[in-house]
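Below you'll find the structure I mean.
Naming follows writing order (A, B, C, D, E and F), and every chain is counted from residue 1.
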Amino acid sequence: MARGLDLLTFGEAMLRLSTKGFARFEQASSLDLHVGGSELNTAVTCRRLGLKAGFVTRLPATSLGRLVENKAREHGVDTSSIVWSEDGRVGTYYLELGASPRSSRVIYDRAHSAISRIEPEEIDWPSLLNGVRCFHTSGITPALSPAAAVEVSSAVRAARAAGCLISFDLNYRRRLWSQEEACELLTPLMEDVDLLLTTEEDAERVFGIRGESYESVAMELVERFGLRAAAITLRENTSIWRNRWTGIAYDGARLYSGPEYDLELVDRVGGGDAFTGGFLYGYLAKDDVQRALDLAIAASALAQTNPGDLNWTTLEEVEGLLQHGGKRIDR
Amino acid sequence: MARGLDLLTFGEAMLRLSTKGFARFEQASSLDLHVGGSELNTAVTCRRLGLKAGFVTRLPATSLGRLVENKAREHGVDTSSIVWSEDGRVGTYYLELGASPRSSRVIYDRAHSAISRIEPEEIDWPSLLNGVRCFHTSGITPALSPAAAVEVSSAVRAARAAGCLISFDLNYRRRLWSQEEACELLTPLMEDVDLLLTTEEDAERVFGIRGESYESVAMELVERFGLRAAAITLRENTSIWRNRWTGIAYDGARLYSGPEYDLELVDRVGGGDAFTGGFLYGYLAKDDVQRALDLAIAASALAQTNPGDLNWTTLEEVEGLLQHGGKRIDR
Amino acid sequence: MARGLDLLTFGEAMLRLSTKGFARFEQASSLDLHVGGSELNTAVTCRRLGLKAGFVTRLPATSLGRLVENKAREHGVDTSSIVWSEDGRVGTYYLELGASPRSSRVIYDRAHSAISRIEPEEIDWPSLLNGVRCFHTSGITPALSPAAAVEVSSAVRAARAAGCLISFDLNYRRRLWSQEEACELLTPLMEDVDLLLTTEEDAERVFGIRGESYESVAMELVERFGLRAAAITLRENTSIWRNRWTGIAYDGARLYSGPEYDLELVDRVGGGDAFTGGFLYGYLAKDDVQRALDLAIAASALAQTNPGDLNWTTLEEVEGLLQHGGKRIDR
Amino acid sequence: MARGLDLLTFGEAMLRLSTKGFARFEQASSLDLHVGGSELNTAVTCRRLGLKAGFVTRLPATSLGRLVENKAREHGVDTSSIVWSEDGRVGTYYLELGASPRSSRVIYDRAHSAISRIEPEEIDWPSLLNGVRCFHTSGITPALSPAAAVEVSSAVRAARAAGCLISFDLNYRRRLWSQEEACELLTPLMEDVDLLLTTEEDAERVFGIRGESYESVAMELVERFGLRAAAITLRENTSIWRNRWTGIAYDGARLYSGPEYDLELVDRVGGGDAFTGGFLYGYLAKDDVQRALDLAIAASALAQTNPGDLNWTTLEEVEGLLQHGGKRIDR
Amino acid sequence: MARGLDLLTFGEAMLRLSTKGFARFEQASSLDLHVGGSELNTAVTCRRLGLKAGFVTRLPATSLGRLVENKAREHGVDTSSIVWSEDGRVGTYYLELGASPRSSRVIYDRAHSAISRIEPEEIDWPSLLNGVRCFHTSGITPALSPAAAVEVSSAVRAARAAGCLISFDLNYRRRLWSQEEACELLTPLMEDVDLLLTTEEDAERVFGIRGESYESVAMELVERFGLRAAAITLRENTSIWRNRWTGIAYDGARLYSGPEYDLELVDRVGGGDAFTGGFLYGYLAKDDVQRALDLAIAASALAQTNPGDLNWTTLEEVEGLLQHGGKRIDR
Amino acid sequence: MARGLDLLTFGEAMLRLSTKGFARFEQASSLDLHVGGSELNTAVTCRRLGLKAGFVTRLPATSLGRLVENKAREHGVDTSSIVWSEDGRVGTYYLELGASPRSSRVIYDRAHSAISRIEPEEIDWPSLLNGVRCFHTSGITPALSPAAAVEVSSAVRAARAAGCLISFDLNYRRRLWSQEEACELLTPLMEDVDLLLTTEEDAERVFGIRGESYESVAMELVERFGLRAAAITLRENTSIWRNRWTGIAYDGARLYSGPEYDLELVDRVGGGDAFTGGFLYGYLAKDDVQRALDLAIAASALAQTNPGDLNWTTLEEVEGLLQHGGKRIDR
């Protein structure tokens, strides 16, 4: 079913319940409901920019599980390979948006989700990845449970065998596992990874790479793991509502830098995933690291200006931003 | 801390996430957040009518746990004995309000809650129940987990030792356990119960009591278990938005019936719990089964006309309804 | 300024703060804001049906006072004679919509309003009423304060002198004055009244008229006070959300009855005022008591199906209802 | 692209802007946005029940056009054959929900939509319908414009050639064309139609068929046009919020009747389209007219209890209603 | 009817449908409804500051048309000369508010509006403008359709004949016509214009005036077209949510500059129209270009801090800002 | 009942009705409802940080009065000493949040509130304050009415007699009384005050203290009135949505300064009260002026980032801010 896809991503998609109008959790009498999850977000960005993208996960066969699928389908993401289960729940997280000097806060309620209980026979990776150009997942997925970690290994092995490009976002989450656990499990995985997308902070937390500069971190990653390319997002927190945002990349041959944007943040969650989606689009569709980086930065800058984890931009808007910037009313 | 309370209830309080405007779950982009739980609801009704009422549960020490406590405190319910844990989650349920011929639907997401992981030493029941007039819990609590079932037994034993009146609502929930499990666990508990509140349907599902009439079910319950009194709520589902509502009671000596109301349902969840709260108020404060039944029916009729599980009526309103009914604007 | 008006009404317009979704007052975290007041509501109905209508009141010169004026102007009601004051507040009332068996409830917070502090010289009634066809007020206005009662007397005297038709709605409000006070003050006023609009209940409470039938009450009113006509609204409270609604009239010569409607009530507040507005429109524009009564009933039936006190129907809709009834989608 | 579809429908999908809380249009400060359109609604019902369904239309290549596509994709409807245009707008309609005795009202703002400007070469019907089991459209589509009428003829011709079952819903809309125009254009089309779904009222308005009973209308339709089957929905308007709902069918051999439901209407728009969707599902998947009729009635009864034109039920719910009815909370 | 007005403006008023909370169009499930239009906005500002202002347009005689009139009346704007039509629609536009680096976007859906189909005989300009001090329209109106362009010419001719001051805002809209069309049509119109309000950008796009400074543009405009005065708004886009805002004016004799404000933008749409309204108020009521400019800048600065196109400030607030600035809570 | 409290505060708690989304008052169709009042806000902050805190006021025995009590109880504030009255209303204020250059505005509607009509015998201060560590009120309370001023004197006298620490916030409100009245009444009160919390501006307006620096004002206050300590909040209004915030303190021996924060203001109302609450917590629980000042600044900085007057922070968050600042998402 997934044949012919440019990209297949694998991970958990969650219900996100966020307070309104900067209310604290304890003040909530109503919560906004969004759907998100790093690998889903990445698939959505790629699909919106123009690739055929699919998303695999395991969801309980309930209205809430279907709600998650619907939101992926709404963007045209292929969901035909989702595994539907009788057990487990939909992972959930609560989000409270901050305002300086109060940080935004996340409360995870994702334990015991259907995907964390995935069983070895449920996904036939070799057949699923047959004909897929690129497979992507992130460090969150193996952190969900031992079963999920096994599944990631199987998927990566199958992707390698199927000749897919393999993309990985470190995405270290301290509430899911320790730095040591992450390092131990992710290091061998790196052997098969082609593209690594991360932050300087995560590179240090997971692999202990502490470069003198962002550039040296990217270079170290590429060299240590034999990557085709590494890209790093750079966020400067001017305040909770204002950030500066850019990224760099290294492909073993040269360093790339892209535009830097001042963001008026509406919802920064999913910014990194949109960066990855933009990068993969550029890498797969344009085969050009500089274009990939530029598109990654612009797409993810725009993605942080709409509510929700998912990215609602179009290729036309991303190109427009790269060419003109954008502060006027377009009418 | 709980000394001097008229009533102490024990059970799980949950976050309730309900869709708006009769939307289906899959349509939701925002969910109303309420707090509810059978034993909390009962404590709130008693407190609003005038008793000193407390509620014991186990909650994680997070903003979401505090949110639950806040909602109990808002009504003046004593929460000083709540056990705060590092582990477990806040039980959650999703509610979709129906319209004929579509039933309202509940999706439980309450597994692994903090209370289901309660440990034997965490609540000092003898000291907690010292000086409390009445202890109440329901069939939901022991169904949560083996640990919770053990805790219910400990609580009931301690209540008996402390000379408390013991009140119990059968509240059979098929998604939590089988009828056989319920029967096996609840039958011995009945030995210590003084007041039993339930529906005809639950009496049959749990104890296999199938009377020729509501009255015979109440009589059978009192006689089989040596109760001081049993009360049964009667709901006739004219449609999803319109019900007829009343109840009966039997105290071993005589049968009592009360007023019957046509309900325009705003939110029927918690109706039975409000009935119990009204009954306990009448029984404890007025020492009169007929008054208890009348107050139970009227308080719970009113409770089904406001959004949320909790009851927001006052004694004055309940008395007013019993005396005048109410269809005019009061201005 | 008001010259050329068909109708000028005088009274208090208030802010109305109502809970949402059948929430109780204590549950509110947000309140809907409407503007209403018996005499304003009547002016709005007349204006929407096609007459030139004006409204006089006294409001504080604040944003809240302007808000009230804006809502009258929105419907095209002439507000050029409103008296703007430095003192006093905008009268306010809180509304909680009920559901059977819970009555809707009003909490008045209207004391000390600007109009209750009106001073004798502030309105030049003779010049204001010059050229106006009909003057209308209700029993609420003199009940606001002694100063307001004096003002009503001045207005009625001036209206008589100017040759206006004088219309009055009894509108007894027990929270504003006693039945004895109302009777004492309103009885002499009746001498100048031409049209009286009321309910059977108010006729009894204010004037002690207890007829054997609605018809006999109307006849008694016309005869006792030498009215040109009296009209009475009849509401049968099937439930809080469903009422039956009609009215009758008597003009000294014959009794009139009109259509009866089943109402699915969205907001019954202002129903009587819309009836009066419809009646005055029919009486002034069609000079026909039967037409006046029919229009009154239909306009006020429709007025109870939209949120807020004000009436948003059109003459076309009212005529349509009188001719066809209306249960289909009009598309 | 559409190959392998069970059903392909063709028509206009619109933005629907509806007032909230029974507000009149003039009261609106916010409007709910839904997407709907008879043929889209039918495709969605079929897809939700389990068929592979696609929808063809013409939309402008704007965010609003994409919004329409997204809502179809959200349900899994194939949208890959939508024609994207530079000209035209998205058809729009405004909806005001009524309450007795005030009818719900629709204001169409659909003129000049992209689909009304469709050009002959834009859809390659033969290739699109190749391998499709059933083609469906309704009387609204040819009424949109002469160009749309031409397109319907082309589609039906191609469907016949491709061996598709051809389904048609009369759906007469008086604001789009006269009864005479409808009759003239639709009569020849009937030659190719296999299944006709309609109301008694539309059968009379378009074809002048005035049977003595619903049954005789269905029989007359089947016989006059040589249909495989005709089905008629029956709605009794008890009030605006309460209807009785059922349907009948005739297949040339025998008459079928199904269950009748009392509806508490949340949103009756799209009820007929869901009936058609349910009927087609039953006809195509079960090959049984009685099953088709039962599923049609139950699915469309449920569809009228959620907000919006689209149907959000599942096959499991529809079957559950047919077996048990539904007035309890399912928990 | 319009006699005695200080200002009469002519143009299109539209429904504006905007997304909430910075949502993208594709995310919308509800849209805020506002009413706006350049010439209406200007009339509202003038009326709120204290002038008698009227607005002429052509609207369909539907609830949506009345909604537009209501919103003008709410502010006290005279609407008695609006032309009500059976044909045409209410022009509509969709607005998506941005956040850096994402621009705000407008989707126009205004084609085929009632005003674009205006016919020569429908407005009797000579009688309408008799006694009016100032007539104002903008470059949007003639761009709507050839019929509207003809009407603008008629209006300006009649205004000249009636001795009105004639005010014009260039308001170039690229989606309505080309720069060449605008130049060709507007150049002859300039002969009769007394006051021109615009931006540097529009002056260049329409008339090709490219000054070395804002001042030289204003001077060039006055001199080329023999204006009494020209005023130019200056906006510096620090970000989407923060702008710097001021303006300049030239009256043939001297150059005027005013205060500059940092704006925290809530809704910048209508800023220029409020500037014009403030300028006209100052020019007509104070007869002083410096005062006019100061009031224009302050009124329009405030107007950009409330939701919607319309201006809700008062003269007192505008004067207060000019005197004190304003960052504290006023309590 | 209040025995064992660390803190008892006395003052008025009001309903606050605020517009949404930066709407002006005249635009409101819905208002957010919060509860606030300087002394209540202070009690809430202390309670949330960990002290036992109570609040005394006088409220009418209505749903609105109960709503106020509920909101205090929700945070665990002891309300058992509230005086319930048959007369008076709940004080109310309307709030419109601004955006540069438009100031936020408050309209008070608090006259005639229940507390302003308090009578001498209603609160038994000696018994109430027995065992309380600290009594706090502010300059608003005596300004409410002569009766309230008398009550403040009684309370302070009783507090002195009971050996309570006495804390006072100047809180000058120009709409309640003149600077002269405030000075005359508050000066003698200062004799009994131990801790004074205020702004530089209020110190000047009430006591005419105009220091060369904030520090000199604090020193002058301590010395003139023999205080144990004075603390002053410092707010720099960068814009309406951005402020810089810090404070200083003086205890007769040395000057203290604390951290300074950039605030992205969500709701600045109650900022000063939270500062007081934080200061009292530190002073009472830590007995350390530097800690008190740090906690005051951090707690009040956080308090200005959530909607409503009340403070929803926790001690953990306050400590976290003092240690780490906070701009990242905490997940």
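Heads up, the rule we're going with is that contacts are C-beta pairs under 8 Å (C-beta built on N, C-alpha and C of every residue); 3 or more make two chains touch, one makes a residue touch a chain.
None of these values were measured; they are calculated from a predicted model.
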Centroid comparison with chain B (C-alpha atoms), farthest chain: E
Same-interface partner of A-D, chosen from the options C-F, A-F or C-E, over half of the pairs matching: C-E
Copies chain C and chain D touch via same or different residues, half shared test: different
Approximate Å spacing (C-alpha centroids) for the pair chain B, chain F: 39
Centre-of-Cα separation between chain B and chain A, whole angstrom: 44
Cα-centroid distance, chain B relative to chain E, in whole angstrom: 61
Multi-partner residues of chain B (each touching 2 or more other chains): 24, 26, 29, 70, 105
Graph class of chain-chain contacts, one of line, ring, star, complete, other: other
Chain pairs in mutual contact under the definition given at the outset: A-B, A-D, A-E, A-F, B-C, B-D, B-F, C-D, C-E, C-F, D-E, E-F
Touching residues (chain side chain B, partner chain F) in the complex: 70-71, 73-76
Touching residues on chain A, where the partner in the complex is chain B: 17, 20, 24-26, 28-33, 62-64, 66-67, 70, 89-90, 92, 94, 96, 105, 107, 109, 111-112
Touch list for chain D against partner chain C, complex: 21-24, 26-27, 93, 98-106, 108, 173, 175, 237, 239-241, 268-269
Complex contacts: residues of chain B adjacent to chain C: 261-266, 301-302, 305-308, 312, 317, 321, 325-331
